[in-house]
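What follows is a set of structures to go through.
Consider the two complexes below, in which subunit A is the common component and subunit B and subunit C are the respective partners.
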Partner chain A sequence: MNWLAILDFARGPFFEVALLVFIGGLAYRLMRILLLGWHFDRIKPAGSKLGGALISYLRGILIWPFIPWVRNTFSKNPVIYIAGGLFHLGLFAVIFLDAAHILAWQSLLGFGWPSLVTPIVDWLAAIAIVAMILLFINRLVNPVLKLISGPAEWLNLLFVFIPMLSGYIMAHHLFFAYEVNFSIHMLAVDILLIWIPLSRISHFMFYFFARAIHGADFGKRAVIP
Partner chain B sequence: MKAGTIYDELARGGISRREFMKICGLLAGALGLTSVPPVDVNAAYDALRKPDGLVNLVAEALQTKPRLPVIWLEFQDCAGCTEALTRSHDPTLVNLVLNTIDIEYHETLFAAAGAQAEAAKEAAIKKYAGQYVLVVEGSISPGSGQIYCTIGGRGSGDLLQEAAANAFAVVATGNCATFGGLPRANPDPTGAVGVMDLVTDKPVINVPGCPAIPEVFTGTLFHLLVFGAPPELDSLKRPMPFYANTIHDRCLRRPYYEAGLFADSFDDDGARKGYCLYKLGCKGPTTYNSCATIKWMEGLSFPIQAGHPCLGCSEPNFWDGGGFYQGQSAPLLRPAAALAAGAGAVGLVLGAGMATANQAQKKRAHPTEQHKE
Partner chain C sequence: MQAQTAVNTFVHETGGWVASQLEACTRCGMCAEACHFYQGTGNPELAPVWKVELLKRAYEQRFTIIGKLKLATGIDHHVTDDNLLHWSKIVYEACTLCNKCSMVCPMGIQLGPLIHEVRTGLSAAGMVPADLMSAVHKQEAEGSPLGVTDSVYDDRLEFFEDEYEIKLPVDKKGADTLVVFSSIEIMKYPGNIAAIAKILNAAGENWTLSHAGREVVNFAFFEGDNEETVLFLKRIFDAAKDLGVKRIVVTECGHAYDAIRWTAANLMDVPEGVEITHIAHLLGELVRTGRIKLKEGMYDNGGTITFHDACKIQRRGGHIQEPRDVLHVLAPKSFKEMIPNRAEAICCGGGGGVIAIKEADPYRYAAFELKVDQLKKVGASTVVMGCSNCRLQFDDCVQHFNLDVKVAGLSQMVADALIE
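Here is the complex of A and B:
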């Protein structure tokens, strides 16, 4: 089998189509949610909506993740909380701070930024992969999670796990020839791009809208959430 | 031409027995002969039992076999592979091998021209039928009535088939003859193809590169001479002794890759310190060739050592496989800004349409319910 031809396909036309589906799909999802309708909020403003939104971001992204013991979520299941956190941290580092991925961003956006040194990204990636396995086991054994997990939840895990694992294997030149690993990685990434708008992985985008809206609601009422 | 064996000719040229054995050792080493291919089982077994057995195997071949007749065809090429081969300095391994072959026809090297040269080729094809190795340089244009590449008024496709019919093996040298190379690059006006796309009933050995590394080419010919059969080939018909590893796997800058130390431009501090050229578009990780081990100009250097990323010239589609200076992790195709915006707009319109349809359906289902929007 000519893996280079598969690789050219996965990096070329398939990637282009996947990216267009990703963009179009997210725009579609966003419009659907925006047009669900807005409730008319008759409360007299007691505080700043913008300020509320900013505080919401600050707490959600910069504060709570680093002092998790204050929250119930942590004390009830610390391993899973940490696994979830480290998974997201690893994913962020790999996607946005890895040298190879910055080259991809540079070709898409026209500009790049400095990368984190490879060994650190590498460790974060490995930790994220282990964290994903822990989260998978948790989903398997936790009765409540098991009850609310449909096929989409398992596919979410799978479609994120394959690009992570294949990327790690590729970066370390393990098992197969580089172009084979590269092809698997790119095919998995393309599938993930198509899958994201169809799935709850789209929370990477809606998370920011949700925090802004809830933050604004609280801010308007001058309540610190 | 075929008066005696190769050894006879070397001896006549003043090569002593001692020097001859050194040459054999050098050739065996250069071929990377760690094992004997299953050609002549008894000879191989005997050779392996003896110390220096492989050298003896080479020596025996040179002492018993006449020079290998070669017919060399050039089609849509730049003669660069020939140039690389003939400009190797003397005395080299390449020269030694060139002494052991007998080039019957070669457009660039021939003194003769026109009908004379064509007649010599026809005579050689008849005389050495089933014995000669056909070397092809340059891509072939078999379509469009073969108008794009003609020699002596005949199309490249016909010329190849005619010469290949009587050949003992066909060696395609350079990326053009193997995978279509530069002539096949988009938009490929001539419909260029490589030898293996046309010759299916003979052993075809691909020696890609732009140009092919002279030692790799001669090593392949030498293997044919010694063992009378092609070396072990990979899925793209490339000899495994030379194409088993990637450039990346044998690269002298590999430790910098592992450490994540990259040159960001051709004249930054990283470039001066010899850091990895991955970010500058190096195709080493997916390129199989011997540049990093055999190197060029008698082992002097190779592109990456000299500070230039690998272009991937021994792989199919290398000309269209992404920009030479574009990092390999970057996508080959990306939607234009307008197309991406179009996809976003389509998504928004579809989303709005679907939302409106849903609301209308909801109103139809519950006509009495008032909407507090």
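Here is the complex of A and C:
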């Protein structure tokens, strides 16, 4: 097989198409939500909606991945808190702070930024991969997750797992020739990009809606969200 | 077909507010750990995310490409009447709309209000538990779900005036404050009525009760029927306008407060310039401003006192601090918090209409087990609350679980501690 040709395809036209689907798909979903109609809230507030929304964001971003144990429900299912938090942390570090990925960003955007030192990114990536396996097992055994998981939920895990794993293998030059690893990684990334707007992985976009609504609803009542 | 009616209502109710939150859900299942009904029973179908599944399916099938694809390929199916039956059971019998789940959801999805939307669809389709429905009909016909008709109201008030030696002003034009009791208080906790009257009189408040607006409980709001909800609210607002009051005070009822304070203005026109507040807030204000004086430490010698946060008065009502301020005067040494508390408190399990549905009893008791645990851990000999619906649940469950705990209403404790 001509891996170099595959690599060219995966990095070239296929990537461009995937990127278009990703951006177009998300834009479509965003517009659809925005255009669905928003009623004007006529309730007289007792506190600040904006303040509530800000606190809600801060809590969501700080407590959730870093100090989950301050929540009283933590002890009931610590795996999902810790694995979920570490997975997201590792994912962000790899996508935005890994030297090789910053080069990719640079070629896309025209500018880059300093990277995190490789060993740290490396560890975070490894942790994220282990966390994903834990999340997978958790989804297999937890009765609620069993009930609410359909094919899409399993595909979500798979389509995120393969780029993570193949990226790790590639960074460590394991198993196959470099261009083979690279090709697999790029193909997996392309598929993921196409899958995101079709799936709930796009929650990162609606996160901002839900958090704002939550914070405003609590803030309006003068309750800390 | 009933399912079609429900789906149409869901579609009608779905604006950006509902859709963006349904889209944000990652199906992580963490909300389950918040729900006392899931915790108490271990039944995964009682997980909050599963309770909104019906709404989510209707939304996806109607508005999203993926949803339509799923239908076409047979991965998902049209909503059926059997589905409605299943969801009717779980959203009416095993959810108090306490919204604790929204505090645990990493996305912050407002699951309580979304489950209320599910109820709205089911109510349009006529899939409401019979017990709840008959209470709504009774409120429609008699003005109260507990049968407090005009004449029953008069009889009760006359009886309270004799029994407790208090003055209860009714339909007094020119009063500043309209006090609206719940029929639970009128029929089951008359001590509350006497207590609140005593406090208001001691504070020199110019207040009144009303015949037309005599019932604050809103069973249509439990049901999720917006039209009827407005009808019941209108009775109170009309009374307030007639009497020309400046404020409406809701007494010890939580869901009613959610309806009139935090929902009404989005469903109907509410009278301009009339403040709506809760007795918990008023008590705090009267104590803070010195309009009433209380015997400090009056309850300090009877063992540990703890406070139960009612989901609709504290977390959803905003009056978290006031009852604590009052308790710090009444029992500075023996007042102790349960954990978790305040906005993250665990709900009693009887609200949202649950206690009115006989078939829900097993769920209701299972959910209360979390409360039993909390009470034991804090070593409470008295548990205080500001919601008489919670109090019904506590009274019943204290018996059911054979607990040695006294259940008390906040207003009554304040009234007993008044320095005349």
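As a convention for this text, the second predicted complex is superposed on the first by the 218 of 225 C-alpha atoms of A that agree within 3 Å, B and C clash if a C-alpha of one lies under 4 Å from a C-alpha of the other, contacts with A are read in each partner's own complex, and residues count from 1 in each chain.
Keep in mind that, in the parts below, contacts are C-beta pairs under 8 Å (C-beta built on N, C-alpha and C of every residue); 3 or more make two chains touch, one makes a residue touch a chain.
Just so you know, these numbers come straight off a predicted model, no measurement behind them.
Touch criterion not met for A:Pro78: it reaches neither subunit B nor subunit C.
By the touch criterion defined above, A:Pro119 reaches subunit B but does not reach subunit C. In the superposed pair of complexes, A:Leu103 makes contact with subunit B only, with no contact to subunit C.
Legend: residue contacts after superposition of the two complexes on their common chain; A:Pro13 is shown touching subunit B, with no touch to subunit C. By the document's definition of touching, of the two partners only subunit C reaches A:Ala222; subunit B does not. Look at A:Gly150: by the touch rule set out above, it reaches subunit C but stays clear of subunit B.
Using the contact criterion defined above for the overlaid structures, shared-chain residue A:Tyr178 touches subunit B, although it does not reach subunit C. Residue contacts after overlaying the shared chain place A:Arg29 against subunit B and subunit C alike.
Common to the subunit B-facing and subunit C-facing surfaces of subunit A are residues 29, 32, 35-39.
Against subunit A, the residues of subunit B that register as touching in their complex are 235-236, 246, 248-249, 258-260, 262, 278-279, 285-286, 315-317, 321-322, 326-335, 339-340, 343-348, 350-352, 354-356, 359, 371-373.
Touching subunit C in their complex are the following residues of subunit A: 29, 32-39, 41-44, 46-47, 56, 60, 64, 71-73, 76-77, 80-81, 84, 142-151, 153, 198-200, 202-203, 206-207, 209-211, 213-215, 217-218, 221-225. Here subunit A touches subunit B in the complex through residues 1-2, 4-5, 7-8, 11-13, 15-16, 19-21, 23-32, 35-40, 99-101, 103-104, 106-108, 115, 117-119, 121, 173, 177-179, 182, going by the rule given at the top. Residue ranges of subunit C in contact with subunit A, taken from their complex: 14-17, 19-21, 23-30, 32-34, 38-39, 42, 44-45, 47, 49-50, 53, 63, 66, 75, 102-110, 113, 261-263, 265-266, 314-318, 320, 339-340, 343-344.
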